[in-house]
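These notes concern the structure reproduced below.
Chain nomenclature is as follows: A, B, C and D, assigned in order of appearance, with residue numbering initiated at 1 for each chain independently.
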Amino acid sequence: MRHAMLAATLAASVAIPATLANATDLEVTHWWTSGGEAAAVAELAKAFDATGHKWIDGAIAGGGNTARPVMISRITGGDPMGATQFNHGRQTEELIEAGLMRDLTDIAEAEGWKDIVRPSSLLDSCTVDGRIYCAPINIHSWEWLWLSNKAFEDAGVEVPTNWDEFVAAAPKLEEAGKIPLAMGGQPWQSGGAFRVMLSSLAGPDVYKKVYGDKDTDAAAGPEIARVFEAADNARKMSAGSNVQDWNQATNLVITGQAGGQIMGDWAQGEFQVAGQTAGEDYTCLPGLGVNAVMSTGGDAFYFPVLQDEEQKKAQGELAALLLKPETQLAFNLKKGSVPVRGDVDLEAANDCMKKGLDILAEGRTIPSGEQLMSQDSLNQINDLVVEFFNTPSMTAEDAHKRFVDIVASAD
Amino acid sequence: MEAVNNSVELRRVSLNFGSVEVLRTLDLDVAEGEFLVLLGPSGCGKSTLLNCVAGLLDVSAGQIFIKGRNVTWEEPKDRGIGMVFQSYALYPQMTVEGNLSFGLKNARLPREEIANRVARAADILQIKPLLQRRPSELSGGQRQRVAIGRALVRDVDVFLFDEPLSNLDAKLRAELRVEIKRLHQQLANTMIYVTHDQIEAMTLADRIAVMRGGVIQQLDRPQNIYNRPVNRFVAGFIGSPGMNFLDGRMEIEGGKPVLRLADCAVPLDRYGFADAPADGRDVVFGIRPEHVSANSGMDWPFSASASVEVVEPMGSDTLVWTRVGGQPLAVRLPTERAPEEGDTISIGFDPMNASIFGTDDDSRL
Amino acid sequence: MSTRSDDRPPFRPFRNLNAKIASVPMILTTMVVFVGGTFWTVLYSFTKSGLLPRLEFVGLAQYERLWGTNRWLIAIENLFIFGICMLVFSMVIGFVLAALLDQKIRFENTFRSIILFPYALSFIVTGLVWQWILNPQFGVQGVVRNLGWTSFTFDPLYNADIVIYGILIAALWQGTGLVMCLMLAGLRGIDEDIWKAARVDGIPAWKTYVFIVIPMMRPVFVTAIVLIASGIVRVYDLVVAQTSGGPGIASEVPAKYVYDMMFSSQNLGQGFAASTMMLLSVAIVIIPWAYLEFGRRRRHG
Amino acid sequence: MANVASINTTAAAFDAVADRVEGPAGPRPRRVLSRRNILLYGTLILVSAYYLLPLYVMIVTSLKGMPEIRIGNVFAPPLEITFEPWVKAWATACTGLNCDGLSRGFWNSVRITVPSVLLSILIASVNGYALANWRFRGSEMFFTILIVGAFIPYQVMIYPIVILLREMGIYGTLTGLVIVHTIFGMPILTLLFRNYFTSVPEELFKAARVDGAGFWGIYFKIMMPMSLPIFVVAIIIQVTGIWNDFLFGVVYTRPESYPMTVQLNNIVNSVQGVKEYNVNMAATLLTGLVPLIVYFLSGKLFVRGIAAGAVKG
C-alpha cells in the first residue's frame, strides 16, 4: 500500500500525461478457473480494459473454499485487492461490519440498480443497514439435473423427466457400464446436491423453514426423512464416480460415461465449451423435474476499501460496468448463468437458459443457501453429506439425526 | 595504590559457576620477572585462574592487578598479557605471518611496526622459514613455537601459558621446555605457567603454586615443595614415583617421639616438628622411595629387614616393593644394586627426610 | 565477607552488548512469535471469533463443538492411524535399510542417494506423483487389470475406508530415507569393537542388532521418533495435494481442519481451538523428550 | 571408506582362486556371488526400484501424448516422445486467465528463496555464534524456547503472524514471506550453527580475544572462514526447505507472487475439461527439479546436513 501511495505521489509530482495517469491497474480476484468460467471472466476483463484501465487477473484455483480464505486474509491482512468475487450472502457480513468493504451506495443510486436488478432480493443480499456493498453479477441456481442423452441411449432407456424416473433408470445404466450419477468428491458438491434434493423433493416451504428459520421440527419431519432416502439412492447411484472436481464429473456426463449430475447452472458452460447442444446432446431438469423453483444466489463483486484515489475511481468504474447490459450479456452467456437485470436481451440463450429465465420471470424463486446460513453451518452440512455419500455403512436415519443437530445449532 | 613491585596481584578472587565454587577467595602475588607455575590435577582450578588473569573469565568477586593497574573488568586485549594455549589455537585459515600479526592489526599498529615485531619474534623462535605456511602444514612443535610467537609479538609484560606442552610427545616436550626456560632468561618477563606435569613445574618454576579444589595448597620454591610439602595432598602429588604413606601412631617414649608401625618403632627425634608432638596421635608417615636405602651398610636412624615382593625396573633406577609393619613400601635403588624378588634386604632411612601428617586434617606436623 | 565496595562486579548491562544485539532476532522470535503467538491463539480459542478475531468469551463452547464434530473426530482418527503406522513402518524400514547399507557393500553411495532423494522433494510433488500412480483408471489398478486380472481392485485414494493408507504409502516413500540416514549415522557411531566382541562370543548378527546395537542407538531412535512425530502432527501439504481431504472428508487431518476452519468456514475460534488441541498433542510428545534430553544434559553440567 | 572396502572385496575374490589345497592360509575366501550377497544386493536393488519408480513414472508420463496416456499404462515407456507437455507446463498452462505456466512460479520461488536463504542463514549463524561463544544471562533460556518452539504446529502461529505482518504493513509482500521463512528456519539453523561453533576449540576463540578481536571481528575473521562446510549445509537445508514450502506460500503471499509449489497445485487442480496428466507430471517434475539438482550436486553434504541438524537434538 505504502508503495502504491508513494508511486502515486511520485507520479503526480512528475506530472505524467493525463491519459497515462488515468490508466490504473486493478487486481480482481475470483475462483473462476474452469474452461467455461475462464471464458466468462475474459469477457469482463475485455470490457474493463476497454475503459483504459487494466484488469489484473488474480484467479485462485480450487473453488470458493480454497479461494475465499486467501481473499479474506488479504483483506483483513491489510493487503486488499481492487475487487473480489464472493457469493453474495453472509460470507462478507463481518468484513462489512469491520469497515473493510467499500460502500457502493452512491454508484448504485447513480446507476439505478434498484430499478434494474431483478429479483430485488439479489440487491438485498448486498445491503447491510441500508447501504449497498456489492455489485451482483449473475444469478446462479443450483437446482439442475444434467442428463446425458447419449448415456441413456446406450442403456436403451428414455431420458427421464424427473428424479423418480432417473432413479428407476439407474439399474439399466449400470448394466450398460455407466455411472448413473456423477458426483465430485468435494464436500460442497454433495452438500449442494443435497440442498437441491431438499428444496425440490420436500418443497420450497420446508426448505425455507429448515435453512432460513433453522426450524428443528421441520428438519426432523417426514419430508426431510424422504429427502435422506433420496440421498441414499443418490449415494448408491454415484458409487462408481471417483473424481474430485465438479467439472470432471460434468465431463463424465458430457462424454456419456455417466447418466447425470446434480449441479448448478455453471455446468452449462462446460457443455458449451464441449460444443454440445441443449436438448440434443444433453437434457436439463430444473428442480430435478419435481419442484421447478430456483434459488437466486450467485456471484457478486465486492470492493475492499482502498486509499489510492486513482484506484478508487477505477473501482467505481468497474462496479458500474459490471451491471451494464452488454457486460451482463457477454459474461452470462459464457458462464451459463442468468443476468441480474431483466431488460437484457437473451436471444442467444439456449434451451436450458430459457427454462431458467421463465422460472425467474414467474417468480418461483427461493433464497440461496449462502443467503440464509453462515458459511460455517453450511460447511458442517456439507461435511455431513459428503461423509454420508462416502460411507456406505451410514444409514439415512443416522445422517438425518445429525442433520437435525446441525440445524439446531446453526446460525 | 599498591606497591608496584608485584607484576600480577590477585586479591580475594573467587569464581562461582552457579553453586559450584571454582576459585575460593584466592590471593596471589607474582613478582616482576618471576616464573610462576600453577600445578595441580585436572579440575583444580589452575586453568580457570589463568583465564581470570587473562580476562577470558569474569571473576565473581575480588580484584586483579597487573603492573599495579586494576584490570578486573578490562578486556583481555587491554591487560598487557600474551597467552599460549594447549591446543596452540592457531587460526587455521591464516598463514603463520597472519597468525602473528592478527593481534597487532587489531590494535591498528603501523605496518612497519608489525613487520618489525613479527620478524623479531620469528628470529627468536627460529620460525622464519615457516612464515608463509599455514598451521596445517606445520608439525606440533612448530605450531607451538608459532603460538608462543603470537604472544611474543604483543610485547607485553606478562606471559600466560595454559598447558602449552601437553599436546606434544615426550621428546618434543623436553626440548621445548628448555626453550621456554631459555626464553624466560632472555626476556625476563613475568610468566605464569599452568601445567599438571610436575617435571615441567620443577624444572621451570621460580615458585610453584600447588592447587586443589580452587585453593592454593602451597606456594613455594620447588625444592621446598618437594622436601617439605605442607600437607598430604602436596606430598602425594609431587614426586614420581609417589611418596610412601604408612599409617601409624605417634607415641612419646622416654620424652622422645616414636612412630609405631605395628611391630616396629621409628624414632622421630631427628624430625623437625612444627609443633610439639602429641602422645597417642594417629598419623600418616610419608617417605619418598628415593630416601629409603637398601643394603647400604650404613647406620640409619631406622632400619629393618624386609622381603622383596615385586621388582619394577625403570631404567637407571629400579623400584623395589617391600613391606614394613605390614604396609607396602617402595624403595628406589640404582638398578645395578637391585635385589631379586624373594630376597630379604635390609632397608633404612632417616626420618629427617620424611614428612608426617595428622590424620585429622592431613596437614604437616 | 566482602569489605571493599569494588569487590562485587559492577552492574554492566552493556557488557557483551554485541552478542545481545545479535540475539535480538532470536529473542523477538521466541518471545513474540513462539510464546506470544501461542498464548494469543490459546486465548482466542475461548472466544466466539468468526471471520475476525474478537474478544467475546464463550468458555469451552468451541471445544465442545470441536469434539462433537465428526469431521474433527475423523481427522483425529486418521492422524492416529497414520501416525502409528508411519512411526512403526518408517522406523522398521529405515532401520532395516540402514542395516543393509551398513554391510560394507559396494555402491553404498548410489543406494543411499536413491533411497534418500524423495526427501528432497516437496510434499506437493510427492502427493501429486502418488495421486497419479494410484489413479485407478491409469495407475497400478489399471495396469494390473489390463494384464488380465480384471477384478483387481487397488484404489486407496477413492475408497474412504483405506484412503489414509494411500497417503501413508506416499509419506513413507518420502520419509523413510531420512530415518535410514539417521539410523546409518547411528550404526556408524557404534564402536567397531562391539562387533568384534560379538563375533568372538559367537553371537548371531540379528541378535547383536536386537540386543546390543539397538539399545546402544537409543538417542538416535529418540531423535528419529521426535522428528517423525512432529512431522506427523503437521501433515498438511501431502493431503491437500493428494486427496484434498477426500473422498468426502475421509482423509481429513487436524492441520487441514484448522486451516479450513480459520479461513474457509470463517470460524476462527473453532480453528484456534483445534490448533490448541494440536499443540497439546505435540506437548505430550515433546515435553518428556525435552525433559530427558535437555534436563539430563544440564545435570551433567 | 567405500573404496577401501570394495578394493578389499575384489582382492579377496582373486585370492580365493589362488587358494592352496593344503589348508586355509591368508585371508578368508569370499565369493562375490555368495548367497548372502545375492540376497543383500537383490533386496537393495528391489528397494531402489521402488524408490525410483515414481520418478520413472513422472518422466515417462511427461513425455507421452494424451492419447497414449488414455490407452493407459503408467509404466510403459512412451512410444512417441513429445516434449510438448514440458513446454506447456513451463510456458502456457493456465490458472484462470493467467496462462504463463509454471515459469512465473519458478521466478517467484527464486525471488522468495534467495533472500530468505541469505537472511535466515545470516541471522541464525550470528545467533548460533553468540549462543556458543558469548553467552549472556538468559541466552540459554531463549535458546531452549527456540528449540521447543520448533515443534509447535505452524497452525498455532499462522494467524498471529498474519496480524503481526499486517501491523508492520508488510502482509502479502515478499518481505513478509522472507521474514516468515527466517523465523521458522531459525530453530534448526541456530541449532546447527551453535553446535558447530561449540565444536570449534574454545581456545581459538580465547586466543582471538587476547589478540583484541571483538564480537564481529572474531565472527567474520575467524569463525566464518573456518565454517564454510556448515554454511553449505545450511544453504542446502534452506534452499530445499523454502523451495518446497507450500503452507506459508499460500497464507502469506498474493496470487501473483505464489511460489512454484502453490502454482503447481493450482495448475494440477484447476482442470479445464480433461485432466492433462502429462502436463501435470511435467509440471511436477519441473517443480521438483531444483531441490533434486541441489540434492544430487551436494551429495554427502546433504546427508551431513540432515545428520547435523537431527542427531544432536
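Everything that follows uses one rule, which is that a contact is a pair of C-beta atoms (placed from the backbone, for glycine too) under 8 Å apart; a residue touches a chain by one contact, two chains touch by 3 or more.
Everything quoted here is computed from the prediction, not taken from an experiment.
Chains that touch both chain A and chain D: C. Where touching is counted per the definition, the chains common to chain B and chain C are D. Farthest from chain C in terms of Cα centroid separation is B. Highest C-beta contact pair count among chain pairs: C-D. In whole angstrom, the spacing between the mean C-alpha positions of chain A and chain B is 90. One finds 16 Å separating the Cα centroids of chain C and chain D.
In this assembly, the C-alpha centroid of chain B lies 54 Å from the C-alpha centroid of chain D. In terms of their C-alpha centroids, the spacing between chain A and chain C amounts to 38 Å. For chain A, the set of residues that touch two or more other chains comprises 62, 70, 73, 76, 244.
The residues of chain D that reach two or more other chains are 265, 269, listed in rising order. The touching residues of chain B, when paired with chain D in their complex, are 51, 54-56, 75-77, 81-83, 85-93, 102-103, 106-107, 147, 150, 154, 162. Residues of chain C that touch chain D in their complex: 16, 18-20, 22-23, 25-27, 29-38, 40-41, 53, 97, 100-101, 103-106, 108-109, 111-126, 128-130, 132-133, 135, 137-140, 142-143, 146, 173, 177-178, 181-182, 185-186, 219-220, 222-224, 226-227, 230, 233-234, 236-237, 240-241, 244, 254-255, 258-259, 262, 268, 271-272, 274-276, 278-279, 282, 285-286, 290, 293-294.
Of all residues in chain D, those touching chain B in their complex are 201, 203-204, 206-213, 217, 221-222, 225-226.
In the complex of the two chains, the chain A residues touching chain C come out as 62, 65-66, 68-70, 72-73, 76, 91, 93-95, 98, 185-187, 190, 242, 244, 374-376, 379-380, 383-384, 386-387, 389-391, 402, 409. Those residues of chain A whose C-beta lies close enough to touch chain D in the complex are 1-2, 27, 29-30, 32-35, 38, 41-42, 45, 56-62, 70, 73-74, 76-79, 81, 244-245, 247-248, 251, 270, 273-274.
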